[in-house]
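These notes are about the structure you will find just below.
Which chain is which? They are A, B and C, in the order written, and residues in each are numbered from 1.
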Amino acid sequence: MAVIEIEGLSKSYRVYHKKEGLTASLKGLFRREYRLVEAVRSIDLTVEEGEFVAFLGPNGAGKTTTLKLLSGVITPTGGTARVLGRIPWKRENAYRRRFALVMGQKNQLWWDLPAAESFRLHQQIYRIEPTRFERTRDELTAMLGVRGLLGQPVRELSLGERMKMELIAALLHSPEVLFLDEPTIGLDVVAQYNVQSFLRHYQESRRITILLTSHYMKDVAALCRRVVVIALGRIIYDGSLAGIVDRFGGHKVISLEMTDGQVPDDLACYGEVIAVEPPRVKLRVQRGVVPEVLGRILAAHAVEDVSVEDPPLEQVIAEMFSSTQEQRAV
Amino acid sequence: MSPRPSYFKVFLTFARNSLVRDMTFRANFVIDTLASISWMAMNLGFYALIFEYTPSIGADTGWGKYEFFLFLATGLLVNSIVQTLFMTNADEFSELIRTGSLDFALLKPIDTQFLVSLQRIEWSSLGNLVFGLVLLGYALAKVEYVPGLVQVVLYPIYVACGVAILYALMIAMAASSVWLGRNQTLYDFWFYITNFSRYPREIYRGRFGDPLRWFFTFIIPVLVVINVPARLLVRSLHPQTPEDWLLPLFTLLAAAASLWASRWVFNRSLVSYRSASS
Amino acid sequence: MRNRLTTWGTILRISIEERLVYRGDFALGTLMRFLPIVTQIFLWGAVFAALGAAKGAPSRIAGYSCNDFIAYYLLTMISRAFSSMPGLASGIARDIRSGTVKKYLIQPIDMLGFLLLYRIAHKLVYYVVAAVPFALVFFLCRGFFHGWPDAATLLAFLASLILSFLLGFFLEATIGMVGFWFLEVSSLLFVYMLFNFFFSGHMFPIDMLPGVWGTLVKLIPLQYLAYFPAAVFLGKVSGADLVWGLAIQLGWVVLFVIASRVTFHVGVRRYSGFGG
């Protein structure tokens, strides 16, 4: 049985309008206008044990909402989901002790107290046996290099250190499933890297199932083999990272080095000229017509060197998102 | 892996963490304790002033000066326990559920109501508890009637009932923020409703008084919170009117019913909970 | 001049909108404030009932009959509607602590003047909005009063109300200015609130205080925030005493106007000395 099984899951909200003006405010006393926001629209997903899956998507796509549905924090308006065989929004204690949710830039640790005290509270709540608890805690603090900071009040820690403490708190009870919502957001490059390598090592050694949402390509590329792209509440892609470019990369980039050191002027009829640095030039060309265009150029001009590349991944994804945003605006 | 957490141990950890936290803000702690005690002292002064002019509150009610002090002391005990254990938590819960920040509480494998109601202990309100105990001792020494053993045993039970009723009211109101939004009115409402509970039931008399007394005894049972335990100490147990045995029985029932009702409201509010968008 | 009026208008409009956003609050809030009066009515009824039972006992306490007590409390609701300044001192202290007070220093806006205008606007909104609930309650409770006082007393009552507004404002503003010297004004504020509650006549007519306490309380300005206007209306202060009372009230107002300005200027100079 798969660890995560989602079928037709949907979640919609009512968002109330507030209009400007005095009369509108008075009217608001008696009747309120609202519109329906469909955050998640009937998604289907299966995740097997030990997978490390990334959720990618623009803001408001429904990634965080999905994670919250799987954590049981909110209840869906339609569809079903099972994690470890349990229905999350029933909030059974037996389920809650087997998974963890970490949200970037959101703290669950007591602000004014040292992290160590919050960990002790965790131990009590999750009923972790003392020797196991100490061993796990020591392991995790060593892996993340925050041993000496345990005694400091959480509010005195830097953002990166706080994030590490949050991760430790989440993993103290050795969950089988981990949900990470933008864990590296707001962190500096070094901290991001540390968190990423930690997650990779942890996942490889424990073989737990992890669902990660992120904006950062580096997170996704470094950690996940499988990427699920969500936009406008729907899953539009489920597969490898490289596959995204194949599916959504509408263009390819042809780089030419001209033999006679001069770049001809008429290249614009073959495609969009992105960069010109004699003797090199870059052209952006629709995927489907690449062979044909290449043939014509080579026939018409003397070319020293040629290469055909995919556009940068970030660009593809950015284009993919912006097109869905346009759809939404319409 | 072991099953349920030890709720008692978790509570102790809450208490310990709150104490550690309060001690890091020592100055505030001292000020808060002094502040609530001085507030109580002022109130006491007010009633002492009234008793300069009159022998009792209400004719033939039995609430003379020191009997009334017993009443005040009981009020202090009930309210200080509620303030220490529940008030901050109810406030915070109202804020969390309204702003959609309750997520982390919902993730823990422990009863959510327990977690939400007890995670912060206000040690500075214990000052009032001490003040109440001192006042209790003082008034008992000065009053004519000496309560028997049964009454002494029943007293803490009924104080606990009072605490339960107030807690139930408080948490139900806080939970309702999920439907009503930021409700300062509700918070004020709480203050005004419990205001009724701070006086002996007997003062509510007459054309408007009687229905008011009935309503706040049997519908929103705030009038039994302080009245019933205080009465135990002031009069003998032998029932003189039907009310004398009806009320204590009813109080036990009301405490249980209030707790049950508050849990129902709490759970319904969680169903309507909307997590904040990130 | 026109600019001033448009600014006024905007402040007024925004204040009203702000209050209307939370519809639950708006609908019930004002009526709620009268609920403690209900318990007071019963309490004093019970106090006087005990007195009435004992033969030969006076039916007045410190010159107030049972009805007088209720009338007194209702009137203090009005005087406190004028003199209470929620959030004024703490707002000033917070502005100082967070540095937003700087905007008053670098712009040609006088901080005290701005705050005063803002308060007036808020109060006006409040009075308009609260007029109906207040009128309703007073109409229902008209039995507790002896009828309307004469025109002169009414005028004096109005004068004392306006003065109590000014006194309340400048007193709390001065307390707020302490924020230039101490970061945490909240404890000082709490003490002020405590004393205010007890000695301003909010809790009971200060005529009730015996001996030394009574004399002491007459010396401090707090009585003018709740007790004095109510006493004027009820005719407890009349004739020469009334004129004197108003004069002293005015004196206190002037004192605190000066105090708030002085503390502001001295505080600002000290504050700028720290830079940043």
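Here, a residue touches a chain if its C-beta (ideal position, glycine included) is under 8 Å from a C-beta of that chain, and two chains touch if they have at least 3 such contacts.
Keep in mind that what you see is a predicted model, and the values were worked out from it rather than measured.
Shared contacts of chain A and chain C, meaning chains that touch the two of them, come down to B. With centres computed from CA atoms alone, B is the chain lying nearest the middle of all the protein shown. With centres computed as the average of Cα coordinates, no chain lies farther from chain A than C. Note on chain placement: the centre of chain A and the centre of chain C lie 56 Å apart, centres being C-alpha means. Chain A and chain B have Cα centroids lying 47 Å from one another.
Spacing of chain B relative to chain C, judged by their CA centroids, is 30 angstrom.
Looking at chain B, no residue sits in touch with two or more other chains. On chain B, the positions that touch chain C within their shared complex are 31, 35, 38-39, 42, 45-46, 49-50, 52-61, 180-186, 188-189, 192, 195-196, 198-200, 202-206, 209, 212. Those residues of chain C that touch chain B in the complex are listed here as 22, 24-25, 28-29, 32-33, 35-36, 38-39, 42-43, 45-54, 61-62, 187, 190, 194, 197-198, 203-204, 208-210.
Interface of chain B with chain A (complex): residues 1-6, 9-10, 13-14, 17, 20-21, 24-25, 103-104, 106-110, 112, 115, 271, 273-275, 277-278.
The residues of chain A lying in touch with chain B in their complex are 13, 60, 64-65, 68, 71-75, 91, 93-97, 100-101, 103, 106, 108, 110, 112-113, 117-118, 120-121, 124-127, 129, 153, 181-182.
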